[in-house]
Every structure is written in structure tokens, then in C-alpha cells.
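Worksheet: the structure to be examined is printed underneath.
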Amino acid sequence: MIGRKPNAGLGGSDAEAKAPSNAAPLLKVSSLGAGYGGMPVLREVSLEVDKAEIVALVGSNGAGKTTLLRALSRVIGSTGTIEFAGRDLSPMTPDEAFGAGLVQVPEGRQLFDRMTVEDNLLMGAYRRGAGRAIGRDLERIYGLFPRLGERRRQLAGSLSGGEQQMCAMARGLMAAPVLLMIDEMSLGLAPVVVEQLMEVLAAIRKDGVTILLVEQDVHLALSGADRGYVMETGRIVHHGAAKDLIDDPEVRRAYLGL
Amino acid sequence: MSAARIGLCALAVAVLAAAPWFGSDVLVQFGINALLLAVLAQGWNIIGGYAGYASFGNSVFYGLGSYGVAIAMVQWELPFAVGLAFGVAMAVAFAFLLGLPVLRLKGHYFAIATLALAQVMIAIVSNVELAGQNIGLVLPPLNNDPLFYELALGLLVLATLTVYWLTKSRFGFGLIAIRENEEAAAVMGVNTTLYKVLAFALSGVLCALAGGIHAYWITFLDPESAFDISLNVKMIIMAVFGGPGTVLGPVVGALGLSVVSEVLSSEVTSLASLFFGLVVVAAVVLMPRGLADVVRRFRKSGWRYFAENIRAHRI
Amino acid sequence: DDIVLGASVQMTGSSANTGRYYKDAYAFAIEKINAAGGVSVGGEKRKLALKIYDNQSDVNLSVRQYTQLVAKDKVALLLGPFASNFALADSAVSEKYQVPMVQGGGASDQIFSRKFKYIFGTLAPASNYFGSTVKMLKELQPAPKTVALLYADDAFDVSVAEGTRPLLKEAGFDIVMDEKYSSNASDFNSLLSQIKSNSAEVVLVAGHETEILNFVRQAKSLAVAPKMYSFTVGVPSEDFRKALGADADYAFGMTAWLPSAKLKDRWFGDAATFAKEYKAKFNYDPDYHAASGAADVEALAQAIENAGDTDPAKVRDALAKLNFDSLYGKIAFGENGQIDLPQTVIQVQGSELKAIYGPDGLIEKPKYPMPAWNAR
Amino acid sequence: MSTILEISHATRRFAGLVAVNDVSFTLEEGEILGIIGPNGAGKTTLISLISGTLMPSSGDIVFEGQSVAGLPAYRRARLGIGRTFQIMRPFPGLSVLDNVAVGALFGRNEGSLAEARERARGHLDFVGLGRFASQRADELGGPGRKRLELAKALAMRPKLLLCDEVMAGLNHVEIDEVIGVIRKLRDSGISILVIEHVIKAIKSLSDRLLVLHHGVKIADGAPDAVLADRAVIEAYLGKRRA
Amino acid sequence: MNLLAQILINGVLLGGLYAVMALGLALVWGVLNIVNLAHGAFIMLGAYLSWHLYSYLGIDPFLGLPLTAVLMFALGYGVQRGLLNLVVRAPMFNTLLITFGLEVVLTYLAQLAFSADFRTINPPYAGNSIALGPLALPQARLMAFGVALALTAAMWAFLLRTRLGRAIRATAQNLTAARLYGVEPRHLYAVTFGIGIGLAGAAGGLYGTVSQINPYIGATLTAKCFAIAIIGGLDNPLGVLVGGLVLGIIESLAVLYIGATFGDVASFGVLVAVLIARPSGLLGKTA
């Protein structure tokens, strides 16, 4: 519903127009390597995400999921290739990657603490300029998260943990993403809100938004996704259709505790 | 600290202590100034580097120490040592009375409140008859620079040992915790108010002693020079230049900057301040973590160290 | 070989503006003396040389530089820095090394009350700065009655005020305002409004040039016009008059020195010539700071000749006995090492600086009373 | 069994908003009390009132028979109240080990820094962060920081441990581990208050469950009964659980 | 009574001038987290710029303000882009250090270029005043006050109501997040610093019309701006205006009632009192 429509903002339509053929995946990562201060974390990571797909990325603590998203958003440097909508992301800065349609809801929320909730949401739409569409999306968001509506003038830093998480999600949605990457979506959210969010993801996917979901609740993630990747110590160790992964005995043992 | 490092430090102190016997008068004079500045930087290091409170009030301690000596010696004709004690007592009283409200403030707000205190002190002392009002006090000259030098050196050793003790003690560890996250420190049982005030007072005692020695040495004192804010800026600059929150950083920073500025002042005399400014700017760009960090890392990364710094800190 | 004189003055930093008078005057006087062949020491003509450092307006640095001059550069004799707080600290160095320092930059009485033997000063005592002004006030018609005394909170200006207060009382004036203000103040609106509401007829201000400038400009913008105002500094200096333009008109001041041809001098001829050549050389008019600085060099030169030696102790004794006419006036140091020169009242009249009232009474008719700002 | 903590009529306001509204309950020694409630219900605020990071607008907090409502946070820590922060508060520039050493040096502890570091090592191993001991705390990922929070609190040797969402961001296997850890702590005599949105965990851990909604206590009782409550389901659990 | 009224007028007008001087400092501090010790030096440069425009090109100092501001903006933009951007992610104290160095350099260069003497910007009307019964309203200060109000309002609208202003605030608070949401920070930082310095330049022009200028006025101005910014709080330009007014009025009253050396004591006393009672300034919000 809040996906990037041809007139909704910067880049979205370009990205679609430039996609060379329907067959090519929206995001294609091959032999990606990345790390911190010379210490490698990711090794030879390859993955693909198709347009309008929901892909789950799961793995235990410290596997490198967040690092992968950071590399995709160009917050940290990397080796290997990242192709997004036919463009090479490697030389881009984070803001350029965003401009190409790659939007991240980062781990730890990273809100603008001393700005109001509403300003945070408007910052999500920063590159969309000013316009009616933004006002409309804002109202939709408040419909979706009434709590944010009530708190629209409160400073984001003084929200409760869960409210902050909602705000971070909402800011991501305001950006009219082509590809939305969410790091630990359910973190700190009440079950009823998580349930709602999964419905929202399903809905925006219908509008053509692609989603890469990092989620510790592996069951939740795989039950909402089309496909999944499993990561361990910086490598992809399994991938496949989500429902196959849920039934995979190794995944069940290692992540679902069954 | 390894035995080798201790030996090295002891040797350095010994060489410094011997300076008056082989160095010139100018060197000794320079030494007195540089050593006192190093004491100030080290004193500031306790509240600023360890507790993380950017104090601009340390020049008040310095001023109180100066006036302690001057008032005792000029108005009451008491010996120098009594003056020092008097100055220290005033500094401690100040730290407790004003530290309590002011140390509740965080970050910049603390900085500015302490800055204000220094301003206020000038106006107050200007109206105190005992302190000679604006006219100031003239102390009896003592022509014994080597003595002042050794006093300053002794004080610096004392200050540095104090800071070294901090790194090993419960108190110092509590201060570091306060610097890193005060609220978390409090819920873990650190008496943050007490610790901060004690750090402020400790830092103040060192600065007051430095002020007292300086007053006797320079022989003249007025409110403007005693409570000079730019001295406080100097302490910070020197501590940051060397590496705040380290044992030797502020000492190295103070001595290093003093040497640079001395060489500039006598070699390129009227261009000195320009070069000094440029050195400071370049230092921040090339070594934002202070000299202490350069010493630690340079061996590993060589000249690349500077390039890496720029890369790591720019946007 | 040359006789090296050492000095450390404010070439940069907050006091650089006045510091330059000393730097330039020292260099100029030495050049002039050398051009005349130098000083004769025991029958032999020797040239003077100057070793000068920039103390960056920092007292600690100046103390160090004087030590360096004496201990390392081995200069023969010392010239002073500008301002009392510097002279106070630096005189301890000359005393310690027993090298005489002649300084024309510090006027505070404290410098000379320490019973130091090696410090000599050529500025008139601070306490007497307004002495001649008060005398003149008594002769003005219509006679003023009420006086406002304002002064900055530094050692020099507080001394001025302390000296002026009894003079005013003695002369029977009514001191309606007696206010100390902070040095470097830039806003005088409150004080000016009080002056207006107290209707003080005479306003005496002891302060720094920057403050005086702001004071006059703000007086204009608040339409505050007492019958007369007078300032310890600024009025004699060309910068000051240039910065104020027409608004400088009517301002009184004082100086211990005027570039008059009556002040005969061995090296420059007379003070007027000095002023003319100085202006030609440095491109600004000298004032009494410059003259005092040049006189310091002359005093040393004269003392060396009298002593017939450059030995510091001998020069010191010669200085103490000195009595000669310089371009600055008669130089004869008192018991405490300071000379006593009377102040001459001066006033800006139109675009000119006029001497109004000297030790021998009225010289020129003062423009008095000052009209309202919108009436001039 | 005696009462270790008694909250009576605790209220806390933020400019116009009542985050905790007249809440009363008790916690028995050796008990695990679960607290759940929608986002923004006031759970974290409640913990802050108990630990002393926030002062109550009104009401009283009695710990081991002594009113602590007016005491500063560090005094409460020394009495034996330890907490974790939902929005983590590591000492970012310190090593992971030193983070924990702060707890092992202060809290209810005495002794030297060296001893504290020694004890801290044990706590790190206990929460599974042993191999990160020498890393800077700000290099840990989110879940790593969660564990660090727990280790820091444990190192204080608290009698009452307040856990604010220590399981958020862990997968099911890891959650089971932490459940084990908390049970062990209880068995060693520590009383525990847990806030958690992971229903499975809170259900299996808690001896008793308390529900907050809009700052008000709306249910208090055995976990199974509370989780079957209509109001709780509607406000908190969602229809999938109904 | 007249005296009190006059003093209050003086205080308000002075406060307006203070506000413009502090506006840029507060912006750079609050937004970029750079405590710009060179702010006063930039005010000084702005004053000299304005002086030159007036003295050599005959451009009226008030009409020349936009030009001064634009030129100073360019300078600020360049300094941030070429220098400060190199250290924005270094530990906080470093910005203190580098701007200190910058202050030293700028002051020195100013002395070199303009010499240590003092100047005034003295257009014919600078000393005029409007008589209001027994009260006098100095014309230049009144105009400066008007400019102050206008600039404050413009800054407020810009920061709190425009997209760019919001992005500037956001970048200040969380650089990573801002980049993740499409903000290019290098340019934005430079624009922000540029605006701060542009404001300093404008303030310098105004300052020169009521006060003397010399290369050394910077340090004291920086200290004053500090105090104002903090009394008002850093989040909101309106706060800075309030801070300036409060300070101006208190100083003026202190001179009247306590004594002329107590202007600073009184204002700093108020500062400390405000801080202790409201740690984020008069209008600040707490996060």
C-alpha cells in the first residue's frame, strides 16, 4: 500500500524502467565479503531476491546478517558484486543506495531521538520531496499504528522500546522502498503488533515492494516468507523455499528448538 | 605497567630533575612553565579525561591556589607552605560547594556552567579587599628558579602517580564508568554524585597547587590573570592533544605543545601564533586520538596511521 | 661590537595595538642614535642594537623572554614591555639578574613601590592622570558642579580613580556617580542612561581605547551630552580620532607629551621633528607611548655615556642620577625609579588636537560646554 | 517465603501522560514474576521506578521491609536491586569484560579491581560471551549487548533481578538457553521480575503473571489463567492466539 | 521611572544583537555538535567585511548585510567541506581543539591583514536616535533589532518547517540513519556550517555599527554567545532569541542596580540558575 508507485517519488520508476529483463532478479549478490577493521565477517555470500518477493534471512547470533544488510546499504565497504535493479551498488554511498530504492530498517532502530515521531516519519520520505502523497501516506501510517498517531509530537527518544520499533518500521515504509530490508522486525513488539505487521508486509508486497526480512523468530519469518536463506558464521549454509526450510530437520533443530 | 616502562619513567624523571644543573636559566624557566602546565593538564585529566566532565572551572582552582599563597604571604606574612595549604583548602571547599549543583549538569551544559563560575570569580575577587581588589597583590620575589622547578616537577610526579592510581583503583574505575554511561553506572551501584565531586576536588587540588607555585614564582597576581579562562582552554587543549583519559597522555601533550610553542616563539617570533594554530589544526586532523594513540599504533601501521585516521573520521 | 638592548613587547594578541608604539619607537630611536655615530663608551663610539621578542600579550611568555634576553642572548640592558601587569612581572627578572630595565609602558604605582633597584619608569604616575584636568575644571565657565567618575576594573584605571577622587572632593565638586565597570565592556548604554538621569555635567572616564570608542558612539546614539567629557586614553592617538570621525569633536583627554618644538632633544632635534619623521616612517602619528618608548632608549644611551661603561651596575647608578632633556621631556628618575611629568589637557577641536591646559595654566580656549548631539 | 518487594500505588507521570497508574503488587522471595502488556503500557517505567532511574510521582516501593522510593539508584543497587536496560546501556568504550567488571566491583561487592575482573570472567562465560571478553562493547551486535546487560546485572550479585526483555532478538534455541539461565538464578535464591514479549518463554518461566495496560494493572495471577483472559487477548495477544 | 524604562529599552535592543550573534553558534553546536570556538572570530571577520564594503565601496552596512552573509556563508561552507568534514566522526573534544586552532589562525591573519588598530562602521545615521518623550531609541540598534527578529524567525521556519531544515537536524542526531534515508551529509554539513558562519557574518556587520572592531574581539564574543545559546537552549532559534533578550535585560539592570562590574556576574549567575533548574535551557525539551 505504501510501495513506490511511478509517481510516488525518486528513483522507483527509474529502477523499474532500468531493470533489463523480467527474468533478472532485483537484487543479485555474488561472493560478497565484508568485515570490520580488517576482520572479515562475511565470506563468499551469494544470494538473489526477485521482485515482489518476501525473502527471510535467518541465522544465529553473530552470524553476520546485520553485517550483510550494512554492506548492501553501503554503510560498510565490501568485496564481490552487488547488483540491484541492473545497477552496480558497490561504488555507491548509503544515500545513493537509498536513492536507488534500497531502504533499510536498521538493527537498533537508529531513530532521530531528539526529533518528534512525525519528523522521524517525514525523514523517511526525505528524498520524496514534498507533496500530497506524503501527507496521505502519513495518515495511512497513523491508521496502521494508532499509537504513533497519539504520540506524533513526542520526541522519538522518549518512546517505549516497542513504540520506537514501530516508529522505525513506519519510517521505512514512508520511504516508498523498492526493496525493504528489515533487521529484526519483531524485536520488542507485542504479539498483536507483530501479527499486524506481517499483514502489512503481505499487503505492500502485493503493491510490488520487495522485502528482505531478517528475523530471529525463525518460525514467524519463514511462515511469512516465500523463500529463505540460512546464515552461519558469515556464510549462507541453506536456502530454499520457506516451507521446505521450516520442515528441514537441521533448521528445526538449530533454530526452532524442536 | 611493565618493569621496563617503570624504569623508563624513572629515568625520565631523573633526567628532568637534573636539568637545573646542566640546563640554562632559560631552560629552567621554560621548564617551570611547561611542568606547571602539565600539572594542570593532568589535573584536568581527572575530571575531564576520566570522569568525562569537560570542566572549564579548573582555572578557578588555579586562581584560588594563587590567591591562597598570595594572601597568606602578603597579607598575613605566613610562609609559602601555609599559603599552599590555604589555597588547597579553598579549592576543596569550592569543589564541594559548587560541584554539587553544577555536576548534575551533563555535557556542554556542565562545561558552560563551569565557564560561568570562572567569570563570576573575577568579579567577586575584584571586590575583596583582602585579595587586593583589582590592583592585585605583589609577592616578595624569591630568586631561586631551580627550587620552583623542582617543586613543579615534584608536583607533576605526584599528579601523574595520582592518575596512575586511578587506573588501578575502584574510585578510578567508577569514574570511567560514569564517563561511559552515567545512568548505567548509577544502577550498578556507583555513587555517581560523590565520585564526581571527589574527582572535581582532586582535580582542583592539583590545579590549586600549581597556581600557588606559579603565583610565588611570577610575583604578581591580579584577578584577570589568576582566573584566566584561556588557561583552562590550554589545559584542555594539552590534555586532548596528548590523549585524555590516559596516564601519560596529558603530560606528553603539555610538554610537547609547550616545546612547539616555545620554539616557535623564539624562532619565528611574530609568526608564532599562526604556526601554533596550524599545528593544532593539523594535529586534530592527523591524530584525533592524541599522541598517546600515535605512540601505541604508529609502530604497527607506520605512516599509514595518519591516512587511516583521516579515512576513519571524515565523512 | 654593538651594545645590545633587549625587549619583549606585544606585537600580536590583545595589546598589540599599543604594543606597536614601543616596538617602533625602540627601533626608531636606536636607528637615530646609530646614525649619529652611536654612544661613546670610554672614548670609543659604539652602536646600539635591538633584540626584540613578541610576547603575544602573554605575561608568562614575556617573563621567559626577558630571562632569555638576559641569560642566553646576553643583552646588555633592558627596555620594557607595555602595560603595568607586564612590567610588574618582568621587573622581577631585571631585579633578579641585576640588569637595569627602563620601561615606558607601565604607570601603576605598584611597580615602583617594591623597592626594586633595577626598574625605571618614564610614564607619569597613574594617580595623577586627571590632576591637570581637575585644575582646569575649576576655571571653566559656566562652572560645572557635578561629576561622574567611571573607570575600568584593572590595576591602572583603579589607581587613576583613586587618585582623582580626593582631587575632585578637594576642589568641591559633587561626585554624582562613581562606577567601576568591567574591562573590555562593549555596552555602555546603562551607564550612559544613568549619566543622563543624574545629569552629570562632567564625565571622567579611565579606561581602554576600545571602551572609550564605544562609550562615545553610544553616547551619541542615546543623545547623552554632558557639558564635557574626558578620557585617560584614546584622545591623543590618531587611530582613535580616525575611528570616530566627526564624533571625536569636543572630547578631552590628557597627555604627558605633545610633539612640540619646545622639547629639545639631542638626537632628534626636537619632539616635533621626531613626530614628523616617525609618521613618515611608520605611517601613523606617535603619541606619548611612542615618545616614552623613544625616551627609554635615550635614557639608556645617556646613562651608558655617563657611566662610561656598559656594566649593568654602573649603568644603573648612572640612571639613578640621570638628568637630561629628551624629546619626551626632562628625564630625572625619582627615589622610586619613576619620573614625574605633569599632564597636559588636550581636546579634539574640529579635526585638530589642541593643547588646552598645561602646568602653567590655560594654553588655548576649550570648546565648552559641549552642545547637544543634534545641535552640532 | 517472605515478601522481598512490595509496590503500593505506584504512579508515574510524564507531562500529561500517566505511564504507570496506581499499580500495586508484591514479589515473594525466590519467585519469578512475569510482566506483559502492550507496547507503551508502562512496563519499563515500572522497572525504572524500582531501580531508581526514575522517581515515582506517588506511591511507595518497599524492598526487604525498607522503603526505597526516595533512595538514589546506587543505594538501591547496593541493597541488591539489579536491572537490565531494554534499550541497552553498555559502557561503549570499555571492553566487554570491563563492562561486567563494573558490576563485579560495585553492586553488592567489595574487593579490588583485579578480583572484580576475575569474577566478571565467570559471569561472561555464564551468559556465553566469554570469547568476546576483550572486544569493545560497542562492537557487539544487538543480541550480544542483551546478554551483556544480563551479565552486568548478575555481576552485581543482586537479590532482586529486574530483566527488561533480555530475550528479544534471540532465536528459539537461544531463548531456551536463557530460560535455563534464569531458572538457575532463581534456584540460587534470586527473586526475579521478567518483562518479555515472547509468550512461550514468559509462560514457561513465570510463577505468576501480571498484565499492564495503559499503565494500569489489568490482570494478576497464574500464567495460564491470565493468558486466557479475554481482555488480555484482545489488548495484547492478538487473534492468532485467541 | 524614566531611567528604568530607558534601561529596559537598552536591554531589549542589546538582547536582539546578542541573539543574532549567538544564532549561528547555537545552530552549529546544536546541529553539528561542534562547539565552535572560532565563532567570535567569524563575527570579527564579518565585521571587517562589512567595514570594507562600506569604506571602499560605500555599501550601506545594513543593505550590505545579505552580501556579507553570503560571502561568509561561502567561507563557512569551504571550511566545513575542506577541513571540519575530515574530523566530524572523531571524539567530541577534537572539535573544540580544531576550532580553537582555527580561532588562533583567523585572529592572526586578521591582524596581518587589518593591523591591530580598531575600526568602526560609522554611516551618518549610526549615531541618530529617535526621541520618545524623555527616552531615546538608538536608530542603528533598533534596525539591528529588527534584523535580529527577522533572522530568528527565518531560522526557526527553516529548521523546523522545511525539508532541508529537518534533514539538517536529523543528520546531526544520527549520521548513519540519515545516510540510510538518503541524506548526503558532506554537503549538508557544509551548508549548515555555512549558514552558521553566514549568520556570524551578518552579526558582525551589525556589531560593527554599534561597537568598535579589532582583530581580538572574537574570544569574548564567543564566550558571550555560549552563554546565550545555553540560556535559550540549542534546539530552537526562538530560544536563542529569548536567551539573548534575557541576557541583555539582566546585564542592563545589573549595571543599574548592582554595579557596572556585575553585568557578567549577574548574567552568568542567571545562566547557572537556569541550567540547574532547567538543564536544557529555557525553551528546551528533554528527550
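By letter and in written order, the chains are A, B, C, D and E; residue numbering begins at 1 in each of them.
Following the convention adopted for this analysis, a residue touches a chain if its C-beta (ideal position, glycine included) is under 8 Å from a C-beta of that chain, and two chains touch if they have at least 3 such contacts.
These figures come from a predicted structure and were not determined experimentally.
K.L.:
Hopping along touching chains only, can you work out the least number of steps from chain D to chain E?
P.N.:
Minimum step count, chain D to chain E: 2.
K.L.:
Which neighbours do chain B and chain C have in common?
P.N.:
E
K.L.:
Taking CA centroids for every chain, report which one is farthest away from chain B.
P.N.:
Of all chains, A has its centre farthest from that of chain B.
K.L.:
Between chain B and chain D, tell me the centre distance in angstrom, where each centre is the average of that chain's C-alpha atoms.
P.N.:
About 42 Å separates the centre of chain B from that of chain D.
K.L.:
What's the distance between the Cα centroids of chain A and chain C, rounded to whole Å?
P.N.:
From the centre of chain A to the centre of chain C is 75 Å.
K.L.:
Distance-wise, how many Å sit between the C-alpha centres of chain A and chain D, to the nearest whole number?
P.N.:
Distance between chain centres, rounded to whole Å: 30 Å.
K.L.:
Mind pulling the chain C residues that touch 2 or more other chains?
P.N.:
As it turns out, chain C has residues touching two or more other chains at 12-13, 153, 180, 182.
K.L.:
Show the residues in chain D shared as contacts by 2 or more other chains, in ascending order.
P.N.:
If we look for residues of chain D contacting two or more partner chains, we find none.
K.L.:
Taking each residue of chain B in turn, which ones touch at least two of the other chains?
P.N.:
Within chain B, residues 123, 126, 273 contact more than one other chain.
K.L.:
Please list, in label order, each pair of chains that touches.
P.N.:
Listed by label, chains in contact pair as A-D, A-E, B-C, B-D, B-E, C-E.
K.L.:
Using the touch definition from the top, list the residues of chain A that touch chain D in their complex.
P.N.:
Answer in residue numbers: 36, 58, 60-62, 66, 107-108, 147, 151, 158-166, 184, 187-196, 216-219, 254-258.
K.L.:
Could you please specify the touching residues of chain C with respect to chain B in the complex?
P.N.:
Touch list, chain C to chain B: 11-13, 53-54, 56, 59-61, 63-65, 67-68, 70-72, 85, 88-89, 92, 95-96, 108, 110, 113-114, 153-155, 157-159, 180, 182-183.
K.L.:
Quick one: in the complex, what on chain D touches chain B?
P.N.:
51-53, 72-74, 76-78, 82-83, 85, 89-94, 98, 101-103, 105-108, 112-113, 116, 152-153, 156
K.L.:
Considering the complex alone, what residue numbers of chain E touch chain A?
P.N.:
163, 166-167, 169-170, 173-174, 176-185, 235, 285-287
K.L.:
Show which residues of chain C lie in contact with chain E when the two form their complex.
P.N.:
Against chain E, chain C makes touches at 12-14, 16-17, 19-20, 150, 153, 179-182, 184-187, 189-191, 193-194, 196-197, 209-210, 213-214, 217-218, 220-223, 239, 243-245, 247, 284, 373.
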